[in-house]
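Look for chain A in each of the two complexes below; its partner is chain B in the first and chain C in the second.
Our next item is the complex of A and B:
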């Protein structure tokens, strides 16, 4: 079986979308349960690693597509091929699904027999030339009706996983899922991958642009994006719980009630780069430098611990009244 | 928690009241999502005053999502998009208020396996995300009601707390119609049981909300003639009797909202400013809505009678 990332030499553009959410289960899943959840194919294994964090990655499944590509300039480009989709579970707690494709610079002008597309898993070929820049912008902007919608494909897998009989369908706390759309333009072999842009939009939407040398597999880029999406979700969710919830300037047991799930379920999940391809690990440095992902996380963690510590200190008047 | 808002007839105050309840809960700090499942005539966008934003999402709303035309339904952040000057500045500490609009072009449709799947996926996803999900269903025994019953009967939704509010006005016809919508041969309970719901559990999850209820004791009517006053009291008493005979009596009522010109004519959210500053709305209405909003999740009001 050829690698689902396909022959990287052909593609000039890789795009994908990652969806990140809390696993609907009161208990975090252990490695065995995670493997069972992510067993999307009978003929392939789930990769589970226990160090430094428990991380399970499903085999890739393919979704056949024959539709228009989203293009920012309105160009109508029909494309045919297969989208690779995979699921991942981190620490048995955070569930992600990614749909991604590689696109070559040009394809044959007429549609070929289906079998010829199937031998290139994860590759979608345009009929004619690919307007690379317009499609990259179109993917980041989001697909219109009838266009290749990677988010919809990723969401489909996420919905399927959330329905799994293994899950009790109860969440320890309410949280919003996030979506990260990403595009990677292929660069000549031997170069160094770089992060062009990472933007945070409203409604849990994130956009990322990369430059990716031809020898780095598309799956590695997907892995990097999953890692970033996961940590971005942690920041977003924890920040929201601290800022916008009923917590506010509240005091007393309600503080513990709100912060308890963060301490129990989230604080230990921060582990950037843990499962990222070494060829792409340095891209994290950019985000660590500015805006400073880990810096913000440490700050959040400190705030939470301080708020909880304050709860343990008797208020001055309470201390006085006990005298 | 999921709240399904149903009514036998249009004009029973279903949309405007349930939207106000969503607003009260969001102000109290809950993250609230309001789904406009009124497939013939989606009006929730008007109540939240996000008509422009709704127009921009037309064709990508709940209707298009359920029939599989779009992967995700469009949604509108009410605080950010509303044209209502007060709502634009929500107080700190309030939760999110999100509207998923219907499609103007979308009519009723039968429930197929595919759109049932979409419906269950959406409700589950929102349940994981929001403290409260309010689903505004088309009036009568509509496809929207069928779909809600069918979806909540699915094994994956069995564990989820879903409650039903049946809105009706305080008239003979409306009381009888509301009772028939809940308990009739083609009613919610009968339809639910046919889809695998437990009858007792479903019965226990239905409460009635009386909308536009004139209070004979209100100072509003203090100037009426003694005959009129006596007649009003008698009619009110008769209605109470009818309601209780139909199974829509006191123990089954979650609350009433008084007759309120602002709700009747403007069909919009009543803000604290409307009550305190401009005083166009009555204090009693605000309190009634606030009480109702609290009771949505107060188990005391949902215990079996």
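Our next item is the complex of A and C:
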């Protein structure tokens, strides 16, 4: 992108957080309603894609920040700029919000006039040098008091969307939201993006590290992380429903009661890479290889279908006792 | 990499570009009191403005051999309605001509609020991104809740502490202060009888964005000039297009830079306009187009949008203050 004020600003680090949850609406939204929900600005497009899955992406809006960056080594780094935040809705059912920023290696020693930050949306500049590694670790660990908190900014948008007048605020089944924190270290242009690690932690927290070539936009990385977060949420939620709902126990809920919503609302949502930038699609391969996201999903689907099939036939002892 | 075979147009929105001149010169802004002061007031105004227009043209000539300069004039039909286009426009054109000036485009102030059924002011309001005072980590209430926009931190509102003692006054603080603050707080709109009345500085900020070619609605240009085909201008402001092209000029309405000529009593309003422009996240596609094209012509625009607007504040012609007092 040409930068009128001098050389373009190269980022060395991109960080973000994705929040994923079930849309609080009994009915899934259609494309029109999704566009209405995500119209964060009256004069800007909501990107709506119908194939291979219905997917709507809001325009990005900005939040101005001037605060410390989280740094694992305790370094105090003040940074100023704008955080980009956007919302996405998949199949009118799964709602996500992502807040993300790009960070350059160094910035001016004093704060610039605000108008100069606004023409570089989604860029937060450190005052002085950026301790890249410490900040990357700090972001994954989570923000301290008064530090740049991407999770809070993402949650702010998610809360706003969940209160939207279009929604009846009722859910077809209970589920927990997940958080995915991610950092991407910038690599020289022309290289190949790679996934360094993907960690599943407790409390719905996930962490992910990437290497991202300079020519791949930060928004594409955000899109990949949203895609992974969405599928991780599907696995987490479905697994939990199968494992923890005391299925089939004498005093527990009936199998059909628990599994019916999974079949109706979730089984068809599995569509890895559907809306991921082609430059990043191959990062899925690593996770397909180990632990095997799709393998696990197929297995869960099979288990659900088997449990439901079993319901259709009378159990042997029940058949005997009826004689 | 191979080009994608499958495309969905709704998934790939585009920002259309608009024609751009080098400079948009605003020759005046007419309010009811100016009109009531009679044609002499306008005559004085244009005579004074003419001098500065020549200077502004000379400044553009210095940068390019083939300058594209368009002129515009704004009539207030938002805060008060007076006269009719049929009566007013010929008079304005005549007085401008007498001073050797040509008005290429005429706009109605209400067009900055709503033009062609598009709520421009509302859209721009959604694009405000407040300058964060130090310590902001993303938890401030949005400006849309308050209706005021400042250039720093207001005096904290602490009437009494828990123990009841009254705390001392704390000053407001300008975020970009150099040693000392010049704190400013701008009212963007007021509400009366459930109707929102946009403030003059806010509409003027929308007007600047339009002149700078930075407004779009769903990627399409807005406030597109319409040529007036008829002989006589209408007798109702609502029947006049929001932006009318009055000449066959080849210079586009929007431009890389703007220059606004006005009496010095508008200084505070225009300072407020700059404060607003400095906190608007304008359409990124439009911003890129202007940056690329101006750089391609060897006259790159300043990065910050507010820096693209220049002004000449001149002493109000004699008799103007007397007319106001009357």
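One rule holds for everything that comes next: the second predicted complex is superposed on the first by the 302 of 323 C-alpha atoms of A that agree within 3 Å, B and C clash if a C-alpha of one lies under 4 Å from a C-alpha of the other, contacts with A are read in each partner's own complex, and residues count from 1 in each chain.
We adopt the following convention: a contact is a pair of C-beta atoms (placed from the backbone, for glycine too) under 8 Å apart; a residue touches a chain by one contact, two chains touch by 3 or more.
It should be emphasised that the depicted structure is a prediction, and the values quoted were computed from it without experimental measurement.
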Both complexes share chain A, so when I overlay them there, do chain B and chain C fit or clash? fit
Touching A:17, do we find chain B (first), chain C (second), both, or neither? neither
Touched chain A residues, chain B compared with chain C: C
Pick one for A:64: touches chain B only (first), chain C only (second), both, or neither. second
Chain B versus chain C as contact partner of A:51, first or second or both or neither: second
Which partner does A:43 reach: the first (chain B), the second (chain C), both, or neither? second
Mind working out whether A:174 is in touch with chain B, chain C, both or neither, as first, second, both or neither? first
Taking C-alpha centres, what angle do chain B and chain C open up at chain A, rounded to the nearest 10 degrees? 100
In the superposed arrangement, does A:115 touch chain B (first), chain C (second), both or neither? second
Using the superposition on chain A described above, determine whether A:209 touches chain B (first), chain C (second), both, or neither. neither
Figure out whether A:232 sits in contact with chain B (first) or chain C (second), or with both, or with neither. neither
When the two structures are overlaid on chain A, which partner does A:152 contact: first (chain B), second (chain C), both, or neither? both
With the two structures placed on a shared chain A, what shortest C-alpha distance in Å links chain B and chain C? 8
Chain C-contacting residues of chain A that also contact chain B: 149, 152, 156
Over in the complex, which chain C residues touch chain A? Could you list them? 1, 4, 6, 8, 10-13, 118-119, 122-123, 126-127, 129-139, 175-176, 215-219, 277-284, 287-288, 291-292, 294-295, 300-307
Going by the contact rule set out above, which residues of chain A touch chain B in the complex? 21-22, 24, 145, 149, 151-152, 155-156, 159, 162-163, 168-171, 174-177, 202-203, 244-246, 248
Per the touch rule above, chain A residues touching chain C in the complex are 1-5, 40-45, 47-51, 61-68, 78, 80, 82-83, 99, 111, 113-116, 118-119, 121, 143, 146-149, 152-153, 156, 278-279
For the complex, give me every residue of chain B touching chain A. 29, 31, 59-60, 69-72, 75, 77, 80, 92-93, 95-96, 121, 124-125, 128-131, 156, 159-160
